[in-house]
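Listed below are the structures to be examined.
Here subunit A shows up in two complexes: once beside subunit B, once beside subunit C.
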Partner chain A sequence: MGALAIKNVTKRFGDTHILKGIDIHVDSGEFLILVGPSGCGKSTLMNIIAGLESPTSGEVHIADRVVNDVAPKDRDIAMVFQSYALYPTMNVRQNIAFGLETRGVPKREQEEIIARVAKMLQMDHLLDRKPGQLSGGQRQRVAMGRALARNPKLFLFDEPLSNLDAKLRVEMRTEIKQLHHRLKTTIVYVTHDQIEAMTLGDKIAVMKDGIIQQFGSPQQIYDAPANLFVAGFIGSPSMNFIPAHLASEGGAIGVSLQSGEAACFVPLPDSQRFARYVGKRVIVGIRPEQWDVANDGGGLDCKVDLTEPTGPDTIVFTQINGIEVQARLHPRDARAPGSVLHLRPDMGKVVLFDTETEIRIG
Partner chain B sequence: MSKPWRGVLYAVLLIAAVYYLLPLYVMLSTSLKTMDEIRGGNLLSLPGAISFDAWRKAWGTACTGIECSGLSGYFWNSVRMVIPAVLISTALGALNGYVLSKWRFRGSELAFAMLLFGLYIPFQVLLLPMAQTLGWFGLARSMAGLVFVHVVCGIAGTTLFFRNFYVGIPDELIKAARLDGAGFWRIFLRIVLPMSLPILMVTLIWQFTQIWNDFLFGLVFSSGESQPITVGLNNLANTSTSVKEYNVNMAAALIAALPTIAVYVLAGKYFVRGLAAGAVKG
Partner chain C sequence: MSVTSRPAHYGFAEHWLPRLVLAPSFLLVLVFLYGFIAWNGALSFTASRLLPNYEWVGLAQYEALFASERWWVAVHNLFIFGVLFIGGAMVVGIVLAILLDQKIRLEGALRTIYLYPLALSFIVTGTAWGWMLNPGLGLEKLMHDWGYAGFSFDWLVNPDRSIYTIVIAGIWQSSGFVMALFLAGLRGIDDSIIKAAQIDGASLPRIYWRIILPAMRPVFFSTLMILAHIAIKSFDLVMALTGGGPGFSSDLPATFMYQMAFTRGQMGLGAASAMMMLVTVSAVVVPYLYSELRRSRHV
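Our next item is the complex of A and B:
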């Protein structure tokens, strides 16, 4: 059953097109991430799903019902905001009860719900405090509790972790994921953080300029990005984009890479799909972890410019085809700046992009 | 800051304080003296024997024109005028501010700009058209008419106060309340208004002072039964008898000023806090 379907939704303010035809389908129980840089329209889309703004055209379906003309409160949704949006003059208990009260839930039932939510989020001891007396993480928890109390069909999270410090963000991220496993309620989650997107989502919609650039599972998006933007946006450190000529050598199609004096020709597997690009310039996308240190030759001698040890890995910086390239290597394989490393890309995972359209080839 | 400079600073502050308090002192001491003592003594001397006769006369028996029943009637007139006028203008200002900041509509900025324009119109300009309007409404020379004038003239200021305060309240709070199922009024009464205490106090004090101290509208738009205390004080001071009773005049002026002084003393701390509230986001 479809929990949420967005059909050709557009949004325009005067001459500014915020959303240019959005199509999304989410099944019941799925965790959907809307991710993109600021100004890409993801928050507007969220507001349209919530009913806080109306689309210029298109339809929004929640639980197989068109909700374009349904008020936010009747859409059976709950939302967690970036600023938490707790009512400052009410204590935690009243904050949670407010929505139940407006819905006419009987007093006794309200208390049961508050007790259940407080237990689930371990915040019994906070119930009588005002939001001003809570830490950032506690406020976040209360905001989630308020949403949980509604027991909605659909949860909306609008950058809920952006105001937390790094450590707490990781903790709350895990907690949200556990919560989702337990409740199995459909979640739509807006973020600009690609790590949150990768770690939380069942499906990710990468947005830019009011258009969904790619919609798929995290792994699909990571392994086969639809275009240069998605490839660069997802993954950290970012994918290396190396300009190169696609050439045919001895029956194999491949690219030539050059670093300093050294040069090599790297054939692509299953290369007939690139045939029509032979002789043209392309962009070769290689993720930092898709480099190996080749001790048996068959790679490229690269001079190490800089290293950044992160603990489990060391990021090595070098120059290939005039571009700075990062390779994520095992610390054992890394070399000090100034020395030479023999690097070989994992061509099975490499992706190519058209220089003009920036769309993935093949 | 070095020690001598601190001394200079305190001296300047002290002089300023004395300068501003001196008239109040003269009023108070004169009001407690007898006429004999005033004629014989010096302006700044303390009263020899404290006498409340002047206060009693100013309140109950002093002549304001041909009537000789003191300021008491005028005082209660002012109370009856100021309470509804302050409450209504503040309530409308809060509501306007709420709409203009949180429920914007096409043209709401223009509406706000036009309201602000009201702040810059000298009230004298309003006298004739307002008199005409009151006549049409059948409110001429009535207490209700005076309240109406004060409400209309106060809305620009109260709206500005509340609108600027509410702009600082995050929109997400309103969105959250809408998702919680609350509508326009419920959000206003349960969420927004309870957050408004600082600006509410500022507006109440401001409006109280403005309306209580108003002389122009009171003089023009009221008569006889409904005249406020500022008009009464003017009449009392201008009624010529054989001798000018300075002690009675001073006592009358103090009676007219007491409510505003009381409001500042009781609620002054909210005033400062409220004015600062907009500056630092809570």
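Our next item is the complex of A and C:
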């Protein structure tokens, strides 16, 4: 059963097109991430799903029902906001009860629900406090509790972790994921943080300029980004984009890489799919961890410009084809700045992009 | 860490300069505010008539004050005026603020229009409303000229109603100011709180009543303070609009005091009434200041 379907939704303010034809389908129980840089329209899309804004054209279906003309309160949704949006003059208990009260849930039942939610989120001791007396993480928890109390068909999270400090953000991320495993409710989650997108989502919709650039599972998006934007947006440190000539040498199609004086020709596997690009310039996308150190003497001799040890890995900076390239290496393989490393890309995972359209080739 | 010893004159300046700078204003306030309050207090225990004298009569002026019918009319009027003016200005101001907060067009222009009456002095407000409410000149005459001969609106000249005309003019003057205060408060409310409440199923009136207005408590109290002291010391509006009349039916304590002290040669009585007003204002302001100061020390 489809929990949420968005069909050709557009949104326009005067001449400004915020959303230019969005299509999304989410199955029941799935965790959908809307991710993109600020101004990409993800929050507008979220507001349209919630019913706080109406689309200029297109349809929104929740649980196989068109909800375009249904008020937010009747859409059977609950929403968690970036600023938590707790009612400042009410204590936690009243905050959770407010929505139940408006819906005419009997007092006894309200209390049962509050007790259940408080237990689930371990916030029994906070129930009588006002939002002003809570820390950021606790407010976040209360906001989630308020959403949970309603037991809706669809949860909407609008950048819920953006106001938390780094450590708490990771903790709450895990908690949200556990919650989703336990409740199996469909979740739509807006974020600009690609790590949140990768770790939480079953499906990710990467958005830019009001268009969905790619819609798929986190792994699909990571391994086979649809275009240069998605490739650069997902992954940290981000993918290296190396401009190169696609050439045919001795029957194999490959690219030539050059670093300082050194140069080498790297053949691509299964290369016939690139045949029509031979002789043209392409952009070679290699993720930092797709570099290996070739101790057998192969690979490209690169001079190390800078290193950034992160603990488990060391990021090595070098120049290839005139572009700064980052390689994520095991600390054992890294060398100090100034020395030379034999770097070899894992060509099985490399992706190529058209220079003009910026779309992935092959 | 090394401690450098400062030149001696620098320490002297640092010690005395702030005091020297503050001294003139301190002296002025001391003499012209607290000094004159004390003088007025002293006069209220004397038999001063047209000019101050120092013939002590104890509490006789206060006894005369409390026995005066006119004083009680003024106090009663202050009660009516205070309650209706504060309540009315508050309600009208809040309603205007809420309506203006609905992201409407021309908000800036409308806000200015509503705030403009505050730029007028109460004298101008009183005079203008005096013309409008004057049965021979204003609204009543207009309606009669239009042919509604039965129309009657004579509150300005009706001793039982004259105080209400002051209320009307006062509300007209001050509700824009209340609106501005509340509008600023409403702007401080996070938009997503309203969205959350909408998703929670609350109607707009309910959102305002249950969530937004309760969050306006500090604004509410500041406004109450400001309006309360405007009400208690109201003088110019009454003088311009009704002159305390007809008779003394629309007297307020401030006009009573003025009449007694400066036109009827009852300076001792006027001083006593002024002391009563001081006590009333203090009763309103001191608890407020106390709670505000205590709060700022805790935060």
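General remarks:
Here is the rule we use: the second predicted complex is superposed on the first by the 362 of 362 C-alpha atoms of A that agree within 3 Å, B and C clash if a C-alpha of one lies under 4 Å from a C-alpha of the other, contacts with A are read in each partner's own complex, and residues count from 1 in each chain.
The working rule: contacts are C-beta pairs under 8 Å (C-beta built on N, C-alpha and C of every residue); 3 or more make two chains touch, one makes a residue touch a chain.
Here the structure is a predicted model, which means the values were calculated and not measured.
Annotation for the three-chain superposition on subunit A: subunit B and subunit C clash. By the touch criterion defined above, A:263 reaches neither subunit B nor subunit C. Legend: residue contacts after superposition of the two complexes on their common chain; A:306 is shown touching neither subunit B nor subunit C. After overlaying the two complexes on the shared chain, residue contacts for A:359 are found with neither subunit B nor subunit C. By the touch criterion defined above, A:98 lies against subunit B and subunit C together after alignment on the C-alpha atoms of chain A.
In the superposed pair of complexes, A:88 makes contact with subunit B and with subunit C alike. Among subunit B and subunit C, the chain that touches a larger number of residues in subunit A is C.
Under the contact criterion defined above, the residues of subunit A that touch both subunit B in one complex and subunit C in the other are 47, 50, 52, 72-73, 77-79, 81-83, 85, 87-89, 98-99, 102-103, 146. Across the complex, subunit C meets subunit A through its residues 190, 192-193, 195-202, 206, 210-211, 214-215, 217. If you check the complex, the residues on subunit A that touch subunit C are 47, 50-52, 71-73, 77-79, 81-83, 85-90, 98-99, 102-103, 146, 158.
Contact residues of subunit A toward subunit B in the complex are 47, 50, 52, 72-73, 77-79, 81-83, 85, 87-89, 98-99, 102-103, 146.
Taken in their complex, subunit B has these residues touching subunit A: 170, 172-173, 175-182, 186, 190-191, 194-195, 282.
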